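One chain, subunit A, links the two complexes that follow: it is found with subunit B in the first and with subunit C in the second.
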Partner chain A sequence: MSTATPTSGWHADPELLGQYLRGEAGAALGSSVEAHLLRCDTCRGRIRPLVDPAPLGDVWARIEDTVQAPRPGLLHRLVRRLGVPDHDALLLAAAPSLRAGWLWGTAIALLFAAVAAGQGGSRGAVFFLMVAPLVPVAGVAVSYGPDIDEAYEPTLAAPYSSSRLLMLRSLAILLTSVPLAALGGLLLPADNWSAWSAATWLLPAAAGVALTLAGSTWTTPTRAGTAVAVAWFVVVGAVSSPEGTTAAALLTGPALSLYAAVALAAAVVFQARSGRLAVMGRNA
Partner chain B sequence: MRGSRGNRGGDSDAALVAALGDGDLGALRELYDRHAPWLSVRLSRRCSDPDVVADALQDCFQAVWTQSGRWRGDGEVAAWLWGIAVRRLVSRLRGRRQVLVVPLDDSAAPGRTPTDVSAEERVLLGVEYGDLGAALGRLSPEMRAVVQATVLDGLTSREAGRLLGIPENTVKTRLHRAKARLREDLAVGATEGLA
Partner chain C sequence: MTARPEATVALTGVTRRYGAVRALDGVDLTMTTGVTGLLGPNGAGKTTLLRMLATVLAPTEGRLRLLGLDPAEPHERTDVRRSLGYLPQEMGFPSGFSAFRFVDYMAVLKEWTEREARHHEVRRVLDLVGLGDLSTKRLKTLSGGQRRRAALAQALIGDPRLLVLDEPTTGLDPEQRASLRGVLSAAGGESTVILATHQTEDVAALCERVIVVDGGRVRWDGTVRDLVATALGKVWLADAPTPGAQSSWRTGTGRHRNVGASAPPDAELVEPTVEDAYLLLLGEAALSRAKGAVDSEVAA
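Now for the complex of A and B:
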């Protein structure tokens, strides 16, 4: 009998659909109803009034919200792919220093610095030495704050730790700008000290970033970063002789331990004063 | 709610899916009105947690919205939707230790026989003769769940395992045994019927 039943013209009666809905149809019968529903618009229409509309309305409201929401940007989606939670990804993506324009600017500035270093011999190396450690510092300086961050007011009002936000963005900036600067360092002519300097500039960079972060607990990151940059230019300018040879002293043993000590001390200060970050915007 | 394009009631499912590509929210609404009710019932028969079912339903229609281009234009839109919905359910259940699966209804309604088991399903089960409904009813709930997930819902062993909260290999073993049981059962039924 079942083998002879045509698949068109047959429809589930309300009693059968009711049984299926309540889970009272048997295994085979339930599966049969399901197979039939895939092909029969009439029976799909008959089951509609039997289903509770309230949960379906809720689900539709959520669908409508989601599909009408603006599509997250490329960076936001990329960061989310890496396993960063959605809200963190959004805050990261809003960082000014992670914009394409910023990254291009960094790359071009470093390229010019490296080319100038290559052309200018030992004096050029000083030039690169001055610029490279400041790239991460500048990135951190424009990562957060009332004068630069479009999302500043929303994040200030949100129940989200400012120091966590600053650390999160600083980390992301280091991950993007340090490889760029390292690449620039490799373009330097490999005489006796510049090959080594391609890596050792990371320590002054770390000290600069830590100082900027610590300074951010007093003033805005932009001002702290500017102060660190000016100080660095003064130091490099003071120790450089016209021949550029003594600049190498900035990247040798004693100086390197000094950078490490400064980085450590600044990190401690930042940790101790990180609560002050929350009120940063008010006196800026 | 219907959007500015007026009533879509007369459009076919396929036409509605095609309209999704142009960002027509009214078409999505009409598809939802037509298909969400039966999809939610069918999903509820696989998972008794209404929140998970609602999430899967939401995922399904969001996927339809963003990936309507994947609709190849042949076959039933309903079958396509079910394929998406059940896989969304499986991925919602991924990683959950406590999976609440509804056992298939044990109370096989007496006096009723399957009227619309398709030829494809019968071939897949290796069933030619005999009372399929009764034979399915005699399987243990675990085996029936495996048959339903793999043969009737078209999931892979891995997906079925996630849905049912058991390892992939267990799905294969149970399916193998279930098929053997069904063949055996139906062969006996057929000989008895002849006698």
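Now for the complex of A and C:
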């Protein structure tokens, strides 16, 4: 084996070069060979035919990509930092309801609802109860579809599953809007309302989201979400008394069981009919 | 005897209704590799036909097969989409996206999940449409023609076997159109390319075959040369509009170009173009439709 110290007129033999390429030369010897290669044309010429070009191509592609690929947007980077794969992060970054404007709008609407609830006593709490479950419903409704997605048609013509795209975006919306709505719930005054309103509205929200997803297999998510919102307003309005006390019935045991059952049934319907998201004009 | 190439697109009695309106009415077509131009007036059914070829719209009646597969079957439809490039007539872009990010996004939807390979492909198609230097600019800051080219770039991802383009040259300047013709003619060597357009000169320059659609039906299906031949002896120059000519306009030389079913005996005949033949064909189709309406009224 050759010695490690490169001197004038010294050249690395093929065995040493082979060890270096395979990473078997060790740290000291390897760095010594590397330093020598940087200033020795003869050894660079010797090592060239020993190098497998395939990994070099991959390395070069990565360098090229690092240098040339534009920096991803803020949302894309944030989602990636949370551990979401790069390609899924890109799909989320294109969702209309995951852009900063929408998220700010959601936060402001919830803040407004929470402040109104704090100042309006029981009636204010009913108001919050009406708004909070609709936040994720609205987010899902404007996450995908012909009337929302700017590039809907080519998206539909791509092999990526439409139902998976809708589910992926819906999940991301739930992860952003539910914490915001929960924070709004915590702003409610510390009376009997706040104890349940901070958390129990999650079940009607889950039912609303599942109904919106299921409805999207018949019509657009926007229309489905609107229908769910209208139905929710009607239900809350029908059971609310001026004092807001009877509205509490909407968040007690039997009602909560009903929401869970509706969410489950709607999820089953969505699963069974999700293939219908893949073609336009399915109602013709 | 040479083997007949396998049809990549086959429509049998395809009809598409929107309520009472028949946007397509019993269309039978087959296509193989090569570039086919689809001509027709607005509302003729071109976009409906292309949407079906792009698997985003289902026929109301009839049978459609693409690349030997049935797009009505979910798994086969996904397989078709893996070999499909589609440029719709109108297309928006996700807010705030650059050309690179948009094409990158579409590449993810086309199952290019490996980042470096995907970015390499994105750069390739952006270079093909001449947007390599502008790829990092936000799409909303680009011109209409540049945005159209970004939309076209996404259709070219992965060299699709079936390329469906609805008015790809809209908003492009002559140089860009010439460049695009090069891209599409190269694609037509291995793939089935079908493009709807109002630019008859693009059809003349690029397409081996032309299909004229009107009123939801195929009015012409043949080579460009055969279409032009239908107008031989029916286009002439005169010092004034000729009474009875179907179309007549004053040209840059001051003389009038007349297109009509029969030229006067002493007319100065000129070489017809695709546009002349198209105008004649649609004029005859319109007359035929009017005659059909009168006949059915009389019969009633």
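Rule of thumb we're sticking to: the second predicted complex is superposed on the first by the 207 of 284 C-alpha atoms of A that agree within 3 Å, B and C clash if a C-alpha of one lies under 4 Å from a C-alpha of the other, contacts with A are read in each partner's own complex, and residues count from 1 in each chain.
Basically, a residue touches a chain if its C-beta (ideal position, glycine included) is under 8 Å from a C-beta of that chain, and two chains touch if they have at least 3 such contacts.
Please read these numbers as outputs of a predicted model, since none were measured by experiment.
In the superposition on chain A, A:154 makes contact with subunit C only, while subunit B stays out of contact range.
When both complexes are overlaid on chain A, the residue A:24 reaches subunit B alone and has no touch with subunit C.
In the superposition on chain A, A:58 contacts both subunit B and subunit C. After overlaying the two complexes on the shared chain, residue contacts for A:70 are found with subunit C alone; subunit B is out of touch. When both complexes are overlaid on chain A, the residue A:238 reaches neither subunit B nor subunit C. By the touch criterion defined above, A:87 lies against subunit C but remains apart from subunit B after alignment on the C-alpha atoms of chain A. Within subunit A, the residues touched by subunit B in the first complex and by subunit C in the second are 58, 62, 64, 68. Within the complex, the subunit B residues that touch subunit A are 13, 25, 28-29, 32-38, 40-42, 45, 50, 54, 57-58, 61-62, 65-66, 76, 78-79, 82, 102, 104-105, 107-109, 112-118, 121, 132-133, 136-137, 139, 144, 148, 152. Of all residues in subunit C, those touching subunit A in their complex are 16-18, 51, 54-58, 60, 74, 77-79, 81-82, 84, 86-88, 91-98, 100-102, 104-106, 108-113, 115-120, 123, 135-136, 151, 154-155. By the touch criterion stated above, subunit A contacts subunit B in their complex at residues 1-2, 5, 7, 10, 19-21, 23-39, 41, 44-45, 47-48, 50-51, 55-56, 58-60, 62-64, 66-68. Subunit A meets subunit C in the complex at residues 58, 61-62, 64-65, 68-70, 72-73, 85-87, 90-91, 93-94, 96, 99, 150-151, 153-161, 165, 275, 278-282, 284.
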